[in-house]
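Here subunit A shows up in two complexes: once beside subunit B, once beside subunit C.
Entry: the complex of A and B
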């Protein structure tokens, strides 16, 4: 009895010693790694982190990959339960839909539906945003430069900017028709106040000294806006357009959803009736891609054409 | 009357200038007449209206009372008669060094004139750029230059259209001592060459005494018992007006003059008269020894 007890105690002690030794080893490894990590510039964690080029790329791709994986597994799970499920269609179904809409001529018109939709939408948003950029630039410059004009119109522009554009959509459709003009006007009214205010604030930031300086160099009243202020506002205007494009897409899709014969937003809301997610998802991805590419090209335009602006 | 003859003779004439911002009187009855080819330096405690006075002379702001004459004509808003170099914001950020310098020609004489004389002017500009060691930087933008380089460009930019009067507001304030001395010598050289009139604001007494032919102190530290004035609401006046050529012979190369006894004494005196809140001179006993100075009380 006694010997058994002592033996058990002995075994337990041995076991305990082994476990302790093991834990100590692990602790030492952790400590060692921590010390090694501390002596290096961190790659990911904390404000001192400087991810290298490769890590940068991997990190940038990671959320996309995760999204796709989550979608594929969820869609696979639902389709296994019910092969006719429409909510999360498989990739092959979406490819089929894209093939039908983008690469096969339509039976009735003989044209490609996705191309038609894209061109119709792009022309609307393009005309709308150019219109509001030009108007915003002209009004913004005038408010910024001429105090008299500022008193006349700044409060009014600020007031207009608060009107929710979608709330006056019926008014726009009634007064400008449900055709192209109504949609362009919605985009225009939705985006031009912000561009105007942005231009005005940029002009206001130009120091008074610079205006005096150009007067001492012989600038006339018209040369100051044209030669001194306009070139300094231009890159900022492009930045402002970039930001407004987000809102412009909202207004475009909304107006196309309500009354239209073609366009990306029209198509999405048309096929929504049949729960055709295999069309909606590729369309949304396509819209996002267009927006992303436009944004990127505007960034590069500013960088290339206004070397002084991006590095200032 | 002395004032009338001075106004007829001198290139810049300020009579009884007063500037008030709301309740705050900044400048009180400033009388100043500057002869052509004078290098006028202006010192004074910070916040006592030096820069305000400069803004009034350029035409960036208008005086509350009083008049400014440039060559007997009343001066209003900024025009090419009066050039300016600020401590910053003198250069246009969207133009290269070369474009910044030639901008004055384009704006002053028109673009068609510039196109017809382009080569001639480029040659001239490149000559000056080389002189100030900026020939390699003509394609750069202002943000790519150091502070000293920027100021050299700003001076060339102002000089290219040869203004009658050049006003400078602490142009070398942000430069290190070495660069600063180079710039001072370079400015003196340009001044001798172009024979223009310079008004130069600085908070550095040494710089003021070294550069100028005439030194003005703008200060609120004086006493005036003629009216019951709240001493805090009292605007600045010109409290000293010295003819520096009396004290020193100007020699471009001799920066050693800064260590001479006369130089030190002069700085000590200016510091006492203009910068000491405890030493208040009476308004009728200012040290206005320069031959062009006058006072209307």
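Entry: the complex of A and C
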């Protein structure tokens, strides 16, 4: 009898425990759902906001959509007053212009104008920026590593960096001509001091101990820059190029505006003579797109080639 | 906070009432050119204010240091009137759908624009050369006319679009033996005496084709048009030798133009100014003007300045006799002698 009683009690207890556990589980699920519904983690406002994937996408698109809406309404308003208005042309006018400049061969030369302009500009900015990257790297490394060289040129480079290149444009054009060289030199002079200083600062940040250690381990005077410092500077150099590209575009457009036969800046300033915003706006969008893609590919280059750097 | 809001409210109120009491204000944009310096003088000497008062309005005279930008701003609606050449008046505001009236024909270029050549003696020497110029400007038009008159085409030369701010310096420092530019005054004056340099063609060979105007929105009120015209022809009297204000006026204009009095006088010699309103009226009514505008619109259309329009007849140009060149239903540039005639008859009072 007693054993039966204890067993029944035992079974009841077990049953109770199971039911309790079950209830607890349900309660936890409800709590969890409630929490999710209440969303203790804010999605947008405040420092703890963690927008989800979809919200992220919407948020990223929103300013663009707003810009387009503002443009379309302003353009619609102006076109309603004057159908020939050139300042804010309609989308269809811009499409026509793009069609004419990008996809129809030119009557005079038989080539595609926009393609020609793009290639001409890209080669100028490409050569210019590579030139200043190489120069900036070499001079920056030397300033950073060798004290003697630092005394010789750091003040000078800092001085040069402050000169606004556009102010001395006539001198540049007279010294280097108005051809390709003049344009490349403007981009070069405009961007290399900053790259140089950036490289120098990166070198300066490398701990002294690292150099002492490698010297102790038997590194030679030339091995230190090549094996220890150069690899650490390289990703920073690419970052520096990324930042300089913005300035490089400004100088490119400026040089093409002053004396040129082709190029993106040339076209913009040429058609500006009759306020052809239907050509200018697509060109500006195109320049922005190119700049954005170049920037993006440099980011991915750094991420792929220098994983240790981007993890920081 | 409350105080700030009240303060702002009071300020807005004051501002609003202040505006209400003001006379209507109209704006004229001008840029530096020999034939337009009188506007600066008109403003400085109080002639503009005097005429504006007479018609109960305010006139602001604004210097826009970049010629094309001044026209673009006018076309976009920022100004009620602007100085420009006949070609730019057609291709920027008129093609851009802004109905514009040529209020005043100030002058035509009579040697103010020229083709400057190193080591050459005639237009035919241009063949194969690289020519620096402001493309699609009156310089380009001048070059096209010169080539055409000498049985050459634009395909025989290479054009380099060059900013007018730098073209003079670039020519003077150019080491190439075949350096060539097309430019206008005062740059032309600065480069024409350089070594081995010849001006092989200038606008005196196509007189009356490059015309400098004051253009006003057709729907601007009569008071504004009258006041501008009145002020302009008063300045014109000051600019004629013998007037008591002559020296003062010329000195002022030379200074704003950035040169000496002698230089400015030299520039005036190659500018065929219409000092008398009656002369401008006659020029405006001449058959030659129609011929010129035909050349200009053909050039403009062939160089893509009509944007998408399918023919040069897209825009109509109206002449004083009422005839229209191009589309009668889309008249956007009007040569109007009404106000110049009033000035000639002294009926602007």
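As a working rule, the second predicted complex is superposed on the first by the 273 of 312 C-alpha atoms of A that agree within 3 Å, B and C clash if a C-alpha of one lies under 4 Å from a C-alpha of the other, contacts with A are read in each partner's own complex, and residues count from 1 in each chain.
Here is the rule we use: a residue touches a chain if its C-beta (ideal position, glycine included) is under 8 Å from a C-beta of that chain, and two chains touch if they have at least 3 such contacts.
Just so we're clear, the structure is a prediction, and the values are computed from it rather than from any experiment.
With subunit A as the common reference for superposition, the partners subunit B and subunit C occupy compatible, non-clashing space. In the superposed pair of complexes, A:83 makes contact with subunit C only, with no contact to subunit B.
Of the two partner chains, subunit C is the only one that A:270 touches; subunit B does not reach it.
In the superposition on chain A, contact of A:278 is made with subunit C only, not with subunit B. Of all C-alpha pairs spanning subunit B and subunit C in the superposed arrangement, the closest lie 49 Å apart. Subunit A contributes residues 82-87, 93, 96-97, 108, 169-170, 173-174, 178, 257-261, 266, 269-270, 272-276, 278 to its touches with subunit C in the complex. Residues 207-210, 212-220, 223, 227-228, 231-232, 306-309, 311-312 of subunit A are the ones touching subunit B in the complex. Within the complex formed with subunit A, the subunit C residues making contact are 68, 71-72, 75-76, 91-92, 95-98, 132, 134-137, 155, 158-163, 165-166, 169-170, 173, 305, 307-308, 332.
Those residues of subunit B lying in contact with subunit A across their complex are 55, 58-60, 77-80, 82-84, 86, 88-90, 92-94, 103-104, 106-109, 141-144, 157-158, 161, 163.
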